[in-house]
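One structure is given below, represented as structure tokens, and several questions about it will come after.
For reference, chains read A, B, C and D in written order, and residue numbers begin at 1 within each chain.
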């Protein structure tokens, strides 16, 4: 299934002809299962231990974020976006603020942009660290979890010092920032960069050449580049399949074009490549943070945005590279203070769709590894 | 590209730009063919998103929007079509496999049916739920009380 | 060496356990219960071997039968639907023939015992030829030694037979080799 | 009363006969009690140590609240478990559900009948010692299978299936490694080997080396095979698939709670100690102190006999060091006193071990326990480092790697053994 033209829907979702075969076993995993990272329910069709197909049942965490948006003003809706991908709340906020700014046709001042980039990239590292810890835990290595959480704590401390919140930060405002960076912000960030660099080596020491880790991840959950594109998979999962595409480079937003960084790609598109891609991404994020913290200019942190945000009639689609993939906001304005419709394009939701393709022909234990490697957050899948 | 498509399909396509973002409003009847053309000839190989907007006051109540991206051209485009209540659209799963869940979500939230979808059922809401919450006539506090009472055993979810 | 403690008592105890276990094996409806009863029987048998000053045989009995074969048995039985087997009628139509066969076998044992021992005591005071301390070594000598070994050929034939059985099992279970 | 004391003293003077071998029922009973109590204490200590060591590997503190440095945590947990409601699921097969944990515990503890803590420190010395150990420890699979089946639930059943398949397949490789050691024991002038645990250790002394170094690298390979197989046998990481919590919640004991669950816990740890003691006996010279033949003589005996006491004094010193480091706050007063008290107890035990008669008799037990403790640390270390194998990979390692290695090892050991000079001498003796 390498040519996307042959990727017919029959291959994806219709039950196999052998569905009523006596050898098939249907097993239900979740919604309360320690390895589904939340309330994901997976119905597995098994032949022995081999997965013949699976279906995801989602929606257990559905809160109707898009409906809420239609009943709030633009400003009021800002904190809600943090609750979608609560692991990378800053990225969500960045996407939303930039989308509304674009709709208003304003641009955040340079200083605000730099601080935004620093926080967003720190958040990307935090998200990847959380992913690594839980993913390794699913595969049975318990120690990386504690290492990553120890280091993630340092990022959360910076967030807390900056805006008072650790997880759902609500760090940005439409038009810029609400808070000026605190005294010693640059120093904290520099210290963190120096602190975490050897720590990432430490994670790699534990896993990258670990025989069992290699056996558990190599060749598991393979998805080819064309398949990944056809399924709309984005983020590290797409890059691990060999497609060198990152919105930060392809359609630069914020001020990413000022920074020098690489886009890591993998070749085989298996779980191990996705692991490596994310490890490199963490280092690249550190590179961006280093450059950004050196170049923070002086100046205002808030653009001229009216107190009551009332964009003209029109619609806009804006997307950013969240830690999980392409996070897009499609905003329709009817000229009032409330958005007429906000559609969130959640990366986890779309990536999760690929689970079926990635798990076919693998073993049950691999399903757990693949769910881990997709790096889904159910808050974002269900919204 | 727009000009070429315009030349081919004539009045069925209306190319527009807002704040530097291109989109086109396409007649419903042209949708199946146009999506194929965009995918195969214009290299829009990545379907970013598929969603809908409800305008209850209009005759054709729904906007259905495809957000497409082309890796080769590094370009994003939106395709928009207007349909009325009860009208169906052809499923675009044969064009982009990713449309599967996206179409299910649109069905779930707006009640727009897609012909040829292999498994068109609710995705986020429970299967037996009544109503399509993202329609404008569905209040924010409204819910399927009957479902809640039967399945959760409580008076109300509020 | 100190004399063994309460030999007749343990003999009767173990024999009783064995008999009860054996009866349970064929009367329980639940296959897993039957298998567990069989394991009990086999363990009691191992203990009887110990009483016969044959610790090596006892150890092998435990490892092979109780620890190995019966685990594989249970492995298969566990996956069988119990609800269905519980409903099945247990004694089939040959029970009469079976009873007769068992009775005649028992009669044979009794007659052999009565004619051969001719009123001798059940537990003679004599010791076994191979004492406990050297049991393993003696068995080895009996099997393999050049001068004293007499079962070498039989042993090798038995292992060959097992090899054939293993290959047969592999051939039968594998669809294509 | 006086006779009784004489009786005890007369036994204390014997140095090479186990109570079982002596036919001495009184002393055998005492030994059984001692081993049982010692084992329970070891499991409790192991529980605390595992949590502490694992915690320190994972940059956290581990239990710190119950008692100084969480020393009383295992006891608190034990009380909690004993007070918990003992739930038997309504759909479960009650009788088997009830029996299964006892089966597991029974097999895990019975094994210790033949474990030689010293030349005279074993409950009994069986002619088939190692066979007995392997046989009885293989019975614990039955208990696990019973538990999994009787729970009448999916996760325990799958856990039990995995567990039994795993244990049965790794037993084969384990057995082959053990047989290679038994071949090594026969390299004496009689040309007769032994299955007796005590005899195996004595042979290592007679041949002048631990069997791990015998026919280098054959002994080492056998040891490695056994060391891998024993981790799989005890269902510990990285072979802890039957209990893989990310896949099967808790495996075969998912439905168990309270006391019955703690029995499984007890059995798991004592099984770990049991297999470790097999490894120690077979490859690492059992109770033998380092270099018994090279550094021999009374002076060296004296030097090495100080080790047990010194170790306890060292632990006591650690306690006192931490007592000083305790926060000087009234809230910590009891904890500080407790830690100091614990240090005093350890110190007194250490001092007692310098007393001549005690010193002479605990040396064996000390060296044996120290070697077993090293294995226990290894277990914890594995758990902190390795991810979990997948089931098919586990089977692949067992059948396609360890089993052929074991077979080759067996043949090579036999071949090399026949080529030694000793064998030539044996042949001469036999042909005369």
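Definition applied: a contact is a pair of C-beta atoms (placed from the backbone, for glycine too) under 8 Å apart; a residue touches a chain by one contact, two chains touch by 3 or more.
In this text the structure is predicted, and so the values were computed from the model without any measurement.
Considering every other chain in turn, the ones in contact with both chain A and chain C prove to be D. Each chain gets a centre from the mean of its Cα atoms; the one farthest from the centre of chain D is B. Inter-chain centre distance (chain A to chain D, centres taken as mean C-alpha positions): 47 Å. Inter-chain spacing, taken between the CA centroids of chain B and chain D, is 65 Å. If you average the CA atoms of chain C and of chain D, the two centres end up 31 Å from each other. In terms of their C-alpha centroids, the spacing between chain A and chain B amounts to 24 Å. Contacts between chains trace an open chain of neighbours here, each touching only the next in line. Going by the touch rule set out above, the chain pairs that meet are A-B, A-D, C-D. Note for the complex: chain A touches chain B at residues 4, 7-10, 12-14, 58-59, 62, 64, 66-68, 70-71, 102-103, 105, 229-233, 243, 245, 250-251, 314-317, 319, 326, 328, 330, 332, 340-341, 343, 345, 349-350, 353, 382-383. Listing the residues of chain B that touch chain A in their complex gives 18-19, 21, 23, 45-49, 51, 53-54, 65, 67, 71, 74, 76, 78, 91, 93-94, 96-98, 100-102, 105, 109, 118-119, 122-126, 133-134, 136, 138, 140. Contact residues of chain D toward chain C in the complex are 23, 93, 96, 126-128, 131-132, 134-136, 138-139, 141-142, 145-146, 148-149, 157, 160-161, 164-165, 167-168, 171, 192-195. Residue ranges of chain D in contact with chain A, taken from their complex: 54, 57-60, 154, 237-238, 240, 244-247, 249, 383-393. If you check the complex, the residues on chain A that touch chain D are 27, 34-35, 49, 136-143, 145-147, 150, 206-207, 210, 212-213, 215-216, 363-366, 368.
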